[in-house]
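Next up, some structures in structure tokens.
Paired with chain B in one complex and with chain C in the other, chain A is shared by the two complexes that follow.
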Partner chain A sequence: MSVLRIHDLKVEFPGRKSTFVAVHGVTLEVEAGKILGVVGESGAGKSTVGNAVIGLLQEPGRIGEGEVFLHGQRIDNLPDKQKRLLRGRRIGMIFQDPLTSLDPLQTIESQLTETIRIHLKLSASEASARAIELLDAVGIPDPDIRIKQYPHQFSGGMRQRVVIALALCAEPEVVIADEPTTALDVSIQAQILELMKKLCADRNVSMVVITHDMGVIADITDHVAVMYRGKLVEYGETDQVLGRPQHPYTQSLISAVPRPDIRVERFPMVDYIEEAGTPTKHIDIATHWLGKARAYDKPEGALVKIRDLSMRFVTRASIVPSKRRFLDAVKNVSFDIHEGETFGLVGESGSGKSTIARLITGLFHPTGGSIDFAGTELTSLTDRRQVLAMRRQMQMIFQDPYSSLNARMRVRSIIAEPIKFHRLAASNTEVRQIVDDLLDHVGLGIAAGDKFPHEFSGGQRQRISIARALATRPRFLICDEPTSALDVSIQAQILNLLKDLQEELGLTMLFISHDLAVIRQMCNRIGVMRHGELCEVADCDALFDNPQHPYTKQLLELMPSMELLSRANLQESGPTGAPPAP
Partner chain B sequence: MRRLLQAMIVMLVVALLAFTLFRFVGDPINQMVGIETSIEEREALRERLGLNDPIPVQFARFIQSAVQFDFGTSYQFRQPVSDLFLKRIPATLELSFASAVFALVVGIPMGIYAGLNRESWVSKVFLSVSLVGISLPTFFIGILLIFFFSVNLQWLPSFGRGEVVEIGSWWTTGFLTASGLKALILPSITLGLYQMTLIMRLIRAEMLEVIRTDYIKFARARGLPDRLVHFRHALKNTLVPVITITGLQLGAIIAFATITETVFQWPGMGLMFLQAVQNVDIPIMSAYLLLTAFLFVSINFVVDILYFLIDPRLRIERA
Partner chain C sequence: MSNVSTDKTETAAAGMLARMVDSDIFHSFLKSKVTVIAAIGTAVLFLLAFFAPLIAPHDPFDLATISILDARVPPMWMEYADPRFVLGTDDQGRDLLSGIFYGMRISLIVGFCSVIAAAILGITLGLVAGYMGGRVDAVIMRIADIQLTFPAILIALLIDGAARGIFGALDREVFSFYILIFSLALSFWVQYARTVRGSTMVEKNKEYVQAARVIGIPAIIIMVRHILPNVTGPVLVIATINLALAIVTEATLSFLGVGMPPTQPSLGTLIAIGNDFLYSGEWWIAIFPGLALALLVLNVNLLGDWLRDALNPKLR
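Right after this comes the complex of A and B.
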């Protein structure tokens, strides 16, 4: 018998004019000690299913139809008070971001014991003994000391362990984990997934894992449900669904996941998504505006030469030198980026990869070392005109498409701004022409120019960012995690766009990502960073096939296995133009 | 430590201002003596008071006496300024205390309610009323209150402190007599209304913000009852900005009770200050300046310490 059964669930959000149905008739079951994965892209309604089960739908959402059963007992129509007693006691929940899930002003102990004592009749001392036991079970060292600490004294991974302990503290039968590892680094993600698997087995807890990450699904789930636009499109055993996907959406979703094992020339285009945009037309670089003024001198050797680059931040200032504290974000890093290649920097958060991007663009001034760009030493440039000329040649695309565009400016002005600033066009009519052309080129269409950024989705905004970066006719493009905020299918489009542009314009790129699979698809050569140091630089295939540095090996091992995502089938039944095997 | 140093610097700068006022706005000798005093006598007085000494020496002397709570002699009352202040301080402090309590006790629950029940009509009434409280000038509210409760209904007195009881050598209190308490009601509402609406709106805004955070969602998902979620988790997280504003407003209540004290003829420091301005009584003015600055600085200092008590994240950074 199943522990949790959702039957024909329909969740609706009544609005002023019409009712938005977020979930249409979803039927799912979880058995004891098993893990069910719910996968889908943003807006698929997967989190809404979780919230509906636990009774925490955001206002004004409500369950329109359907039933939810816990051990055969119907729970969706219980009165509020009983629903509350169910939460934590019989259904636990784990949220995405461990940094914000804990109350910053309360000790771990008080948060654990209050939850324990609400649900179980225990004395204060029994509750804290139980809390220490739990922390030990989720793998927190020295639990008796750490329990007295506040959340900010724990690292991200440790906090997620505390969150798991909190979700488990009253021994619930089902735990709903909403993107439990999305905010974590790969190595931490692997540990947390391992822990969740172990806890399920040891305590016979069932789990519903809601995620957008196929790797997580392949790694820990027994069953998987694929959701698209509020509907369940495919549901079955994980290896069945991932290995032999039946529904075209599942097929395109799987085909869009970047492959860590081999390099393909282009990502298969997912035709199941509406916002794919008009296909970009080919640019003839010889006649096009973007091709003008590109007659750069061929640099001697590499285009970018970085030697012994260091960056030290002051974390505590003091007049007394011995009291000062520093953080060495980048330590003696040296590498070259050759003209026309894509150089990848990969590493976990805090490894210093973004700092390097900022040092090259001049947003930070390095503490030591040199950056040579096409024969010009950037660190010693003082003349404002020269600095501007350099800045025009390199542009940056940032990670967060929501905060990197000025919300008060129309898209046209956003893209026109760098053209006007660098005086790259003779007249306003010409600027307008160029902007229209760029918009068309990144697949947004000319009409997009009159809109504001908030009218676009994440992927479309990232296209705007790309158009803006291209507007200065750069020769060097720095992409700092350009797709990590996007869904896989959108990611595939953006990465394809970047590849096309690079090919057509002969751009040199520095591509920064934490995602090894993406790096493999995009880069010619790769540098692996850890704690501000460059561990290894190698050609793409060499790095993946024969890693030298122990840290690289460790990173590669930690990648969620994608073996289940059999692509053999996709090539026959796959949507459009899956690539031939190399 | 650093905070203390900063506080000292602020006090010194204010002292310099007060000193400048004292020394350079008009000739102090002219203010002290009559028209018939001869030039020789004036010169002798000037010498005796040390007004011919170099300016830094005079400033040092000014600070020295100010630290000992000696601000010279009032021109109009011919009494030591410190004595005058001692007589007036209890009235102002009691009024400020009563209106701060009113602002907090009424404003915080209203803010919490309006934050939690955003859509209810009661919250909307609170918000509209508070808009009135913010936009009407203090004196007007005072006059309105007097008109209704003193003139029309004749429930409450319109001026003065009522009967007061003496405690110790100089403190007088209105808290212990019925007429004293009655007299306190209208002025403290008048003075506290603005702060109350401010606190209410601030708590409401902060509550709305905090309620949306993940840790509140997670607290609910753990099955904690609303009471715990709202008061232990949400309210405590709203407190840091609330304390900042409340602290500053408390200083403002004490320092700028002037208008309310005038409307209600409340015998406090504000009323005295106003009279001093009219009569160019510079020692009182500069003493008032110093006292107000001192209040602000010490309240700020207390607020900083409260931050550390509330937010453990700040404790670590300093340690």
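Right after this comes the complex of A and C.
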């Protein structure tokens, strides 16, 4: 008998002009002690399903049709007061961001005991004892001491453990976890997933895990439901759905997931993504503006030589030197990037990888060390003309597609700005022609030029960013987590585009990511960073097959296994050690 | 060929209008009845002020038509009234209704000019402070803090006094207008500077600004072309609310005798003139300009309040 049963659920959001149906005809079941995964890309309606079950739909959303049953009792039409008693008591919740889902002004104890005493008839001391027991169960060391502390005294992973304890306070029958590990680093994600799995088994709690991450699904769920645009496209046992996907959407979604264990030449083009534009006309790079002025002098040795690079930020300024506090974001890092290769930097948040990108592009000034680009020492450049010449040769693609484009400028002026600024074209007509070609080449179409950035989706915006970066005709491109804000199928497209461009233009790339699987698809050589230090630099295959540094080994072990996932459509590429011939 | 292009601009304009009518802001405007009334009220008052020379029954500046014999005539519904003067006349025999139209005109001109001057000063300093940070920021913002310790009226009085000291017996009728705008601008710029500085500090860390820096674009162009258009939303709200404040402050100054001279009466000047006669029973000389001032300020303020709420995503 199923614990939670959703039957033919339809959720709608009435708007000023029309009613938006976010979820349509979804039927799901969760059995006791089992984990159901709901997977889909942004806008699929997966979070809305979770919110509808716990009765926390955002205004003006409402359940249009369908029923929700908990142990056979219908709960979707209960009055608000009874719904409130249900939440926390019989249905627990885990939210995405552990930084905001705890009250910063209350101790962990008062938050836990408050919830316990609302739902269970316990005295204060009994509730307190239960809270300590729960913290112990979710793996928080010294629970009797830590329970007196405030949320800010816990790390992100520990906070998420507290949130899980909070969800389990009143021994609920079902826990709904909405992207429980998305805000966490890989190593912490693995621990939290392990914990969730264990708790479900030990306490016979059912769980609904809502996520966009196929790795999480493969790791912990028993059943999985794949959602696309508010509809359920595939539903079944996890290894069946992931291993032998039936629906074309599931197939394309799975083939777009980057794998840590194999490197593919290109991600198979998936026809389920409508925004995938293809260039309408072929541009012959050799004769086109984009390909001109590429006859750079061949540098002696590597194109970029970084030696003993250090960056120290002042976190607390003071007149008294002993009271100053610093953060060493980058500590004595040295590596080379050769012409034509893609160098990957991988590491968890706060490891200093983005700082290195900003040091190379000159957004930050290093506190020590040197950056040599094509024989020119960048840190000692003072002549403005020389600085500009260097800036033109290296460009950067940023992480957040929503803030990296000026919302008040049309796409055409955004892309034309670097061309005009560096006077790379003779006339305005030529600039216009180049911008049109660029837009076409990154798969957006010429019509995109007259629009504003907000009219585009995240993936399309990232294409605009790429077009802007190419507009100075750079030889060195830095990609700082270019796909981490994107859905997996869009990510596959952007990665394909970057690979194409690199081959056509012979670009040298520095590719920064926290995601080892993505790094494996893109890079020839990889540097692993931790706490501002470079642990290991190795060829891509060597790093994955035979990691040397203990931290690299740990990172690789903690990666969610993708072995369950179907490998249909994937074409493995050859060895990746040597950079492609220019 | 030219036909085609005009067609294009016309359809573009029509499209923009359609988008505006369809937008959420316009929708929230229509939903708030108070705002609609305030907008209509503001529009009527602005039109009256703007077309004063065409609408007003008399020209209060034309000495030939003013007769001291008509002085202090009561409004038309009272005894001894003169049908030529709907709201009565002041102590020099000027028609009050016309005086109010013209006075509103002067009040609005002073208000707009000082708001624009204050906005230009404040936005520039705020942008520079927010973008440069460090010492530049510290110096500008400390000046702003010091500025805030003086009430606007005190600053205006100081400047007026100083200007008179410097220019001596210069033609007051010409200079008082500029002195007024200058002193109002100087007392209102701090708000703009603080708001713009705050938004600039947020914007400058966004990736589009970093992208512009990576391209190599110099700071001044980044500030003007990239950051400025992204921080104007709050400025618009402050400007609307400040317009009402500037009109009131101008009226206060004129009432105190340091604003517009009696020969070019603003609403404040009219009230000041009427004040002398309030206790001798000629109440209308002060009350009607006072009512006009209150209406004008109330309407503009209501519009400003709505604009602040409509542009604030947190309140939606």
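Basically, the second predicted complex is superposed on the first by the 562 of 582 C-alpha atoms of A that agree within 3 Å, B and C clash if a C-alpha of one lies under 4 Å from a C-alpha of the other, contacts with A are read in each partner's own complex, and residues count from 1 in each chain.
Keep in mind that, in the parts below, contacts are C-beta pairs under 8 Å (C-beta built on N, C-alpha and C of every residue); 3 or more make two chains touch, one makes a residue touch a chain.
Here the structure is a predicted model, which means the values were calculated and not measured.
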item	value
Which superposed partner A:115 touches (first chain B, second chain C, both, neither)	first
Partner chain(s) touched by A:343 [first = chain B, second = chain C, both, neither]	neither
Which of chain B and chain C A:101 touches, first, second, both or neither	first
Touched partner set for A:472, first chain B, second chain C, both or neither	second
First (chain B), second (chain C), both or neither touched by A:153	first
First (chain B), second (chain C), both or neither touched by A:267	neither
Touching partner for A:551 - first (chain B), second (chain C), both, neither	neither
Touching partner for A:335 - first (chain B), second (chain C), both, neither	neither
Chain A to chain C touching residues, read off their complex	16, 358, 361-363, 387-388, 391-392, 394-396, 398-400, 403-409, 417-418, 421-422, 465, 468, 472
Residue ranges of chain A in contact with chain B within the complex	54, 56, 84-89, 92-93, 95-97, 100-106, 114-115, 118-119, 150, 152-153, 163, 166-167, 169-170
Touching residues on chain B, where the partner in the complex is chain A	213-215, 217-225, 228, 232-233, 236-237, 310-313, 316
Touching residues (chain side chain C, partner chain A) in the complex	27, 206-208, 210-217, 225-226, 229-230
